[in-house]
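The following pair of complexes shares a single chain, chain A, combined with chain B in the former and chain C in the latter.
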Partner chain A sequence: MTDGVTKTKEYIRPMPTNWWLKRKSYFMFMVRELTCLFVCGYAIFLLMLASRLGDLDAFTALLKDPIVIALQVIALPMVVYHTVTWLNLTPKVLVIWRGENRVNPLLIAAAHYLAWFAVSAVILWIVSMYR
Partner chain B sequence: MARSNEPIFWSLFSAGGVVAAFFFPITILISAFAVSCNWISAEGLHELAGRPLARLYIFVLISLPLFHWAHRFRYVALDLGFKGLKGVLPFICYGAALLGTGLAAFILGWG
Partner chain C sequence: MAASEPTPSDKVVVLEVFRYRPEEDEEPFYQTYEVPYFEDWVVLDALNHIKNEIDGTLTFRWSCRMGVCGSCGMMVNGDPMLTCAAFIRDYYPATIRVEPLNYFPVIRDLVINMDDFLDKLTDVQTWLVPKEEKPVSEGEYLQTPVELAKYKQFSMCINCMLCYSACPVYGQHPEFIGPAALALAQRYNLDSRDGGADERAEVMFSHEGIWECTFVGDCSRVCPKNVDPAGAIQQAKVTATKDWYRSVLLPLGKKKGKDA
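The block that comes next holds the complex of A and B.
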């Protein structure tokens, strides 16, 4: 001990790797966190699709590839789960006061859900113009 | 308090989370089913995707969600027991997101 620092042996509680299987709430937390893999996967798909913008045949082939469609069918519910958990947290992040009264958290979440539906409808409408 | 890059990465995580939450479901629905179910022709979707605003949309939908993944994956990997990767994970994750952003900018800007 020449540096004058006392080294203590701190106890680190062992954490089994399968801790998240022990309770439903832990499991749902892990599902939520793992939705990021599908977010990443779809971003990679968009990158692939973008790289085929110069070649209509390759662009079409990717969109019609059964494996790519199957992966998107799996990704869709996972991404929707991300959306739902994300929007359900909005009232916790966004606390709005009107004078003395706190705006109802349900109202804030509902406004975000409404915005999600509106944005989705607008995108669908834009795409429908290219039919 | 120690200086840290955490606020930058957390902001990107958060922005990517919002973008993925609002735009991914409908975009997946379109890319998975619109052409394969003959609701729109591949030519039509190709024409739309090539427009400047659509290119910007696709760029944003690649870049920010990649940073969302990077931040979440960095921590979930530790939760799943990959403690040995603690030092390299930030570089791998944020590096991959940065690489994807650069690639997207290159492909969509000059492609």
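The block that comes next holds the complex of A and C.
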């Protein structure tokens, strides 16, 4: 800082590699980030399904594969957790002003949940049509 | 609580305090002190008791002892806290471990070197850059209550640096501009009187700026003034993204518009 001041040696504390285990909020952050692997896994599964669209037997065989079913059962809670944690954060990112008032943050999160449920309902409806 | 009739001092609280004396020690160590317990004492009171009555060599920063000046931030049992707001009764009878703020170099005992933070405040120009200079004779730069409301939350920062000590990104990448400086940069970008957004953009929207943030969100959790730096940074990301699309899609249009 100021010239003429003798600078003593400073101590730098190393950051432990397991820093994310040291604090609950860090751990929950890591869980949120790691659940994205399941989102990625599910996207690969959808691509595999899409590539079998021309061959109905292969398509249904993949859907009925017990390993694939087991993976889906594991992926579902992970993907739901990932979605919920991010949707809960939307009001921090999206700030909307209506005239003189800030739109209630709860309303912004609620709108995202509504959109999510609406899209899910449409997909369920389409699936039920082709059963 | 009413002003304390000093409770019988048979009750004591044990403090484990981080010590580092650069002239004598290669490594820091923890020193244990026993301090009388009072219902209305905060950790800072206990530290001052140690300094005045037990061990005058203990070094720490403090000033206002009422949550305004932001100089007594330390790690209390692993949480970044203003020690003037950390009541001993919330920990008693457990031992309280007091350490200097995480991720900053330690000068001595509980005192950290904050130069890095001060440099970063300057890097992102956390001051008002008037949209139009005018002589004093023309009076104030007026602002409506709504214009004030848009940045007010981010202006409550007291530069206590608790958010930096909560940020694992800063811990791993010290070049990260960090929560408070970015929140303050966003505060001025949102100010209707300010015209400095373009000047701030280079540092603020760089990789060491907002894009280094992974939205852990702990900065906002520990902030004693509810500034929500995590929110400020994500909102700046939205603005930067919009600006980028605007510059790509409307090459002839206006440069970096400010988000209303």
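Following the convention adopted for this analysis, the second predicted complex is superposed on the first by the 118 of 131 C-alpha atoms of A that agree within 3 Å, B and C clash if a C-alpha of one lies under 4 Å from a C-alpha of the other, contacts with A are read in each partner's own complex, and residues count from 1 in each chain.
Keep in mind that, in the parts below, contacts are C-beta pairs under 8 Å (C-beta built on N, C-alpha and C of every residue); 3 or more make two chains touch, one makes a residue touch a chain.
Bear in mind the structure is a predicted one, so any value in this text is a computation, not a measurement.
When the two structures are aligned on the shared chain, A:Glu33 is found in touch with chain B and with chain C.
Between chain B and chain C, the partner in contact with more residues of chain A is B.
By the touch criterion defined above, A:Leu63 lies against chain B but remains apart from chain C after alignment on the C-alpha atoms of chain A. Of the two partner chains placed by the overlay, only chain B lies in contact with A:His82; chain C stays clear of it. Applying the stated contact rule after C-alpha superposition, one finds that A:Tyr130 touches chain B and leaves chain C untouched.
Contact with chain B, but none with chain C, is seen for A:Leu49 once the two complexes are overlaid on the shared chain. By the touch criterion stated above, A:Trp20 is placed in contact with chain B and with chain C alike.
Within chain A, the residues touching chain B in one complex and chain C in the other are 15, 20, 33. Within the complex, the chain A residues that touch chain C are 1, 8-13, 15, 19-20, 22-23, 25-26, 29, 33, 89, 92-95, 97, 99-100, 102. Within the complex formed with chain B, the residues of chain A that make contact are 15, 17, 20, 30, 33-34, 36-37, 39-40, 42-47, 49-51, 53-54, 56, 59-60, 63-64, 69, 72-73, 75-76, 79-80, 82-83, 86-87, 115-116, 119-120, 123-124, 126-128, 130-131. Residues 16-18, 20-36, 39-50, 55, 58, 61-62, 65-66, 68-69, 72-73, 75-76, 79-81, 100, 103-104, 107-108, 111 of chain B are the ones that touch chain A when the two sit in their complex. Within the complex, the chain C residues that touch chain A are 20, 22-23, 27-28, 78, 102-103, 105-108, 113, 115, 145-146, 149-150, 168, 171-172, 214-218, 220-221, 228, 230-231, 234-235, 237-238, 260.
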